[in-house]
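Quick one: structure below, then a few questions.
Each chain gets a letter, A, B, C and D, in the order it is written, and its residues are counted from 1.
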Amino acid sequence: MAAEKHSMSMSKKKTIVNTVSYIVLGLISVIWILPFVFLLLKSFDIGNTGVTKNFIPSAWGFDNYAYLFSSDCNFLQWYFNTFIIALFVCVIQTVMQFMMAYTLSRFRFKLRKPLMNIMLVLGMFPGFLTMIVLYQILKTIGLTGDNAVPGLILVYVASSGMGYYVIKGFLDTLPKSLDEAALVDGANRMQIFIKVIIPLCKPILIYTVLTSFMGPWGDFVFAYTVSLGSQAGMNVAAGLNSWLSPANIGSHFTHFCAGGVIVAIPVMILFLFLQKYYVEGVTGGAVKG
Amino acid sequence: MARVVLKDVKKIYPGNVEVVHKFNLDIKDKEFIVFVGPSGCGKSTTLRMVAGLEEISAGTVEIDGEVVNDLQPKDRHISMVFQNYALYPHLTVYENMAFPLRLDKKVRVVDGKEQKGYTNDQIYERVTSAAKVLGITQYLTRKPKALSGGQRQRVAIGRAMVKDCKVFLMDEPLSNLDAKLRNQMRAEIILLRKRINTTFIYVTHDQTEAMTLGDRIVCLKDGYIMQVGSPSELFDMPANLFVAQFIGAPMMNTAECELLKEGAKYYVNPFGHKLVVDGDKAKALKDRGIESRKIILGVRPEHIQLAKKGSANSIPVEILVNEMMGSEYHLHVQTEDGTKLVVRIPTINLSEEERKEMVMGSKINIVFEGKAMHFFDPENERNLLVDEIYGPEAMQLELEAEAKAKANAEANEVPEEPAKEEVKAEEPIEEPKEDIAEK
Amino acid sequence: MMKKFIRKSMILLPALLLSACNFKFVYNIEGLPAGGLDFDDDIEDSGTYDIKVWVDDKIVDLTKSQIGQFVTASGGKYTINATVEPVDEPGAASKMLLDVQDGADLFVFAQDQLSRLKVAGSLAKLSNTYVDALTEEMGIEAVNAAKVNQDVYAFPITSDNGYFLYYRKDWVSDDAAKNMTTLLAACAAAGGKTLNFEAPSNGFYAASYFMATGCTSEWTLDDASGKFTGYKDTYNSPEGLIAGKALRELNTSTVAKNSQASKLGDTAAAVVSGIWEYEVAQNRAEKNGWELGCAALPSFSVDGKEYHLSSFDGYKLLGVKPQVDAKKASVCRKLARFLTGEDCQTERFGEASWGPTNIASNQSEKVLAHKGLQALHEQHKYAKPQGQCPGAWFTALATTATAIVKAGSDGEVQAALDTYKAGLNDLLDAD
Amino acid sequence: MAQLTDLEYLKLNKAQRFGLKFTAFFKAIPGWFKNLGIKIWTFMKNFFWGVVNFFKNLGLTFWHGDWKTKVSYFVMGFGSVMRGQWLRGILFFLFEVVFILYMVLFGGKFLGQLYILGQNESSMGDDGTIKYGDNSFDILLYGVLSLFFIVALIYTWYLNVKQNKIGEDYVKAKKQLATAKDDVRALVDKDFYKTLLALPTLGILIFTVLPIFFMILVAFTNYDKSHFPPQNLFGWVGFDNFGLLFQWSNSEGASFSMTFGQILLWTLVWAFFATFTNYFLGMLVAMLINKKGIKLKKLWRTVLVFSIAIPQFISILFVSNMFQYPDGIINGILSTLSGGKLLIDFWGNAWIARITVIVINVWIGVPYLMLVVTGILMNIPADLYESANIDGASPWQQYSKITLPYMLFITGPYLLTSFTGNMNNFNVIYLLTGGGPKVQEYYGNAGKTDLLITWLFSLAVNDTNYKLAAVIGIMVFIVVAVLSLVIYNIIPSTRNEEEFQ
């Protein structure tokens, strides 16, 4: 009897714990989702274009979206710029990081350790410091202002080898004997890289492509600098950000929200589809340090 | 189809860690040679040096008369099977096996016609026939993930087989398999060897595999060769205590005691008992003119028998543990002076009553014959009855000889002659190896 | 999924690239009617020029057409390939500092950036001929706004960077708007509607009180290095204390709200802000059917004495970059003069409501009808020019004002002002 | 104190163990310094002998070399071409040509002025024209680039000499030299890493190393708004800028050193809270989602991951405006709930702003942490918990004795990187508060939530005070590097990377 009673209270306790858990989870979900709901709601607000207390628009409409695609606004230009940048960056950056990671994972050469240490140390310098120098270098090559798009691609991509950690962590888990077997089978290192290693890296490949595709969408500082006022070279983050300056926020805040939604949607769809790979990459990266 | 010669091969890792010391070995054409030893003995490293997966720090490796030190693995005409199979997970079994063939772009003459690499048909031909031999035809379209361990190992072997190679290297190919499968695969490897008929180098830490597979066994420890010889040589005449204990299971029993020469007869006195040495062993001792001395006595568990109480030379012991292995008992026993021994008794010869006696704490008597005894020098652990010197000691002698030769060369006006002498002095060390190789 | 996505992007790509190329604006129109263009010097400068202009988003198209007018007015003397990019004023200043050489030839910036830009060599000095002409057309105050020490460095393009009072007429009467006490009372009477006045938390507005009681803060700028080397400041004087008291008084009111963002006609009955709010406010008024009122800032009284709230006269200036080529420099100056001339200013007011600096344009009917500008002009009587001061001075003043609002007694107000004064040394540039 | 054996140590209680470790730690310090000293000494010694041998070998090679080698000392690649290695030879030669062209046409003039960073001031005419003089910025940048080039040339030249030596030896030994075909083949096989590394390292060299080198040098100049090229020159000032960091004498208020100290302190406090609030709350959420019996796991996870997918500048800027005073959504909700009485100026008060920033950072960071932690939680062997259950451990004990130590061990390095990452978390602070509330007593218009990195940014961008921005940058580097070094030596899970292979 006593045991039965005990087990009953156990199951009761479990139900309570679970209920509490669900409530907490529900709350968490609301907290995390709500800002995006507000953002979406605000993007349909045509009653007040500035910051408001109420999240329910006083008047509904698509005016803010219409504005984005109207000729008054360079949003489309910014968007396409960013899209092109992201496209190139995700391809080239992935290739660069793989080259670096594969080398450091599979070859043992004299400068390997020094190279890794140097990259570690370089990573400790705050990046913004060098912005003005990068601008001058790009200017020397003629990739600022109207030509900022290729210039930005170049800068995003050039040092991307330094972000090899996650991929190397993954490659380190692939048994070395695969390389050796291929060596014995008559492959040279390049063939091993292309025919054996790369096909095995699908998850981390997707992760790298995904993260490097997402990167350029968020850069509002450097892109703003490099474009030097040229609309032809501006990216979407810098453009949207300029709408929130004290002088503009009153009339452009809802435009910002609508622009934010348009930027977020494709990235988000891509992300939700490839979530599995992202999670794998993040976890792997963190555990490997 | 090639002789493999390792000359003074060394492996030195960064930080001056020498893991393989002056490895000398001449592997004959079509010989099946097994490297065996505990982990960290350098056996895999040596194999990988032959394969070209590790750089050779010093010395040379010759395959078929060609020094291959600077050749890439693919140019060494070798095939290799890895411990963890190393199958390409993204390729099907068929493509895994075809991989080396597809990569081969050498110009060769087939049916009187010159061609580059292999045609698709030829690849199909080779892969399917190899698969047939290994019994994996039905798995050709599968990915390695969908195979069991044994099947994967067959694929790995198949991949090595399809290629024309001079030397077939196997690096602990069976150690990832369970015991039953291992026995089965062992037998298959023997059959495979007959079919391929080429030079094999096989690395294992398992002495059973070494004994069953090898024409010759190279027993290694800490990067030194401890003995080279046929399985029976290693078993019957271990050159040193290490080989004696490594080969054979359970391990050889040892006891420190004295060898006594009394007149023409030899005795040993382990555990306070005086036992006579007779047969070949006594003769050998006599031939070598060995006097009374301290020794380590070695007796293999299977060479110890049960004895009736009070019978000649019998030793009373107490049973500590009895492991029933089915066909035999492994008795862990303790002598009166506390020495622990292992005794292997076939159950088939035991009566019901005797079996009942084999329990913990019961006292029994054991006996072993003189011909089953091995005598080792406590100082250097060498077998008193074997002349060859292996291991660090051999190396030491060699180095000393070299140093002497050098010193002489510097001291003498005519450097050539004394050096030659010294080289001769070295020969007794080297020659026996050659002898064995030629047997 | 991924593959499909990439394939689709590849199809899109050429289209995107095409659209990216088709962007640069090239202007070369002839045949427009001549404007009031007079040329003050006679360098032989006819020719073709690439000129880059940075102006606010709102007037990009207008500026393009005005440059067209300039070309036409020149009678074919100049061909100008103009690139007009939307760059806001703070952006223009920082970009000119980043890269003068690739920066715009003409750019609009806020007055407070003048000294910085001048020191960095982003602005060319105007000759006396220009200064005289500008003084005649715009008055000395406007020209002073473009002055660093003795020299003038830019063309005033609008004077509407100042601020004044907006109110909803059915809640606040014109008379009530004249005095702070009546104003607050009217707000309260309208059902707890607020007066939005960012006085404590923004130095730009907080200064209103201090300047009203006659406090001054003048900063010495070293011409060569562009560093602030000294100051004369009377904010901790008895007059400062009066201003402090009034500021504290204001924030004890329940309807006074420390905010700039406009909710005029909704939760706010009155708002202190600049001309940039005008369009939004006017729209709201029209949409919701109430009448918008604009007036000078109200007066306030402390210890029985009446003071009128002061403000800053803020100008936006059109700067001309120093040119390597003397001919281009000449053309750029002429263009700048044209763009800040009467016709262009009037037009700009019409299109984008930028308050003119030009005296003649200010007399135009439209300007006179603009409530906001009229209020600004009215306030102008009490306003002080926004001289050159360190940017951190506004921060300092805001901190002080915030402390004053929280102060419990007049003594604490005085203490806050003394702290402020003691800290001014730190605003000077090092060495 | 006598050395304890391991067994004796086990007998001690916690306090005693701690005391023992504590004293041992301090006792060990002199040893570290000694080791460091020895290391430096050996390094110096090896370096010295390395240099000596380098020149000795160069001399010997020249002395003993044949005429091809001797010519190669001046015309790079000559010997290689003559010995049939034409590909290498031509590359060597090309590099030399490019170097000479670069120096003559471009780099030389900058390099020549590097010591003074320009002499001719720009002069502005009364007619609106300017005659640009020397540009200190270009001189410094391209001077440094030229230095890089020279180092590269010396190295290549050394390789060239070495090639000649090898070539000579091979010819003497009648061995086959690697042909051009061999070279190409090696580049996809044995030396494939060289091929792979060429592009990434070149990129890092030009776009990371060069700029960083430049900015470090800027810290030793007076590059600020009154020395601003191309209008003005700037020049070397030695350690003057670093001196500002130690000016304690100016006690009246906002000296640079005081501001630096305060902001550094807040940066560390922020990094600490930002890291650990995220860490523990992320762990909590992950454990909640992964709890047995919780359904719809994937949904909960996706909801959180959602917020990673949206670019930060959108989500953070929007959230920042939600907390606007008094017109943000949050204040709207607060005033509705309290009947208009409660309004919070989130960004106006230093402490409220700081706390709000940390709280919002939780919102930003937890989803990411949740993912990381979930991955690791899955890897904790279930039998650990089963055995703990049998031993009678409560859920809290299971957490504190199993989960937490395991997590800390695995994520040690990650915690470190996220700590230093938070120290430099520009996005969150800049987008949320812009560093505000700004205060008078801080130097350079810094605010109460400014991190060193955002302060550095506003100094550089708003005040064009590059010299001090560079100083702060270097200090940030030093802080991060020292922290990393110390912590890396303390945390247990700094494992050998080879263990994974």
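Operating definition for what follows: a residue touches a chain if its C-beta (ideal position, glycine included) is under 8 Å from a C-beta of that chain, and two chains touch if they have at least 3 such contacts.
In this text the structure is predicted, and so the values were computed from the model without any measurement.
Asks: Quick check: more C-beta contact pairs at A-B or at C-D?
Replies: The comparison resolves to C-D.
Asks: Quick one: which chain's Cα centre is the longest way from chain A's?
Replies: Result for the farthest chain: B.
Asks: Give, as an integer number of Å, the spacing between the C-alpha centres of chain B and chain A.
Replies: So the centre of chain A lies 56 Å away from the centre of chain B.
Asks: Suppose each chain is reduced to the average of its Cα coordinates; what separation in Å results between chain C and chain D?
Replies: Taking the mean C-alpha position of each chain, the two centres sit 41 Å apart.
Asks: Using Cα averages as centroids, what's the distance between chain B and chain D in whole Å?
Replies: Whole-Å distance between the two chain centres: 52.
Asks: Please compute the C-alpha centroid of chain A, do the same for chain C, then give the distance between them in whole Å.
Replies: A distance of 38 Å separates the two centres.
Asks: If you look at chain C, which of its residues touch at least two other chains?
Replies: 261
Asks: At which residue positions does chain B touch at least two other chains?
Replies: Each of 72 in chain B touches at least two other chains.
Asks: For chain D, which residues are shared contacts with two or more other chains?
Replies: As it turns out, chain D has residues touching two or more other chains at 189-190, 324, 326-327.
Asks: If I apply the definition of touch given earlier, which pairs of chains qualify?
Replies: Contacting pairs: A-B, A-C, A-D, C-D.
Asks: Under the stated contact criterion, what part of chain A meets chain D in this complex?
Replies: Those in contact with chain D are residues 14, 18, 21-22, 24-25, 28-29, 31-33, 35-36, 38-39, 42, 50-55, 96, 99-100, 102-103, 106-107, 109, 115, 119, 121-122, 124-126, 128-134, 136-137, 154-155, 157-162, 169, 172-173, 175-176, 188-190, 193, 214, 217-218, 220-221, 237, 240-241, 244, 249, 253, 256-257, 260, 263-264, 267-268, 271-272, 275, 278-280, 282-284, 286-289.
Asks: Sort out for me which residues of chain D touch chain A in the complex.
Replies: Interface residues on chain D, with respect to chain A: 137-138, 141, 185, 188-190, 192-193, 195-197, 199-201, 203-204, 206-212, 214-215, 285, 288-289, 291, 293-294, 300, 302-315, 317-319, 321-322, 324, 326-329, 331-332, 335, 363, 367-368, 371-372, 374-376, 410-414, 416-417, 420, 424, 426-427, 452-453, 456-457, 460, 466, 469-470, 473, 476-477, 480-481, 484, 497, 500-501.
Asks: In the complex formed with chain C, which residues of chain A make contact?
Replies: Residues 49-51, 74, 76-77, 80-81, 83-84, 87, 132, 135, 139, 144-146, 149, 206, 209, 224-225, 228-232, 242, 245, 247-248, 250-251, 270, 273-274 of chain A touch chain C in their complex.
Asks: Given the complex with chain A, which residues does chain B contribute to the contact?
Replies: Interface residues on chain B, with respect to chain A: 48, 51-53, 72-74, 78-80, 82-84, 86-90, 99-100, 103-104, 159, 163, 169.
Asks: Which residues of chain C touch chain D in their complex?
Replies: 43, 94, 97, 100-101, 116, 119-122, 124-127, 201, 224-227, 257-259, 261, 263, 320, 322-326, 329-330, 332-333, 391-392, 395-396, 398-400, 402, 420, 422-423, 425-427, 429-430
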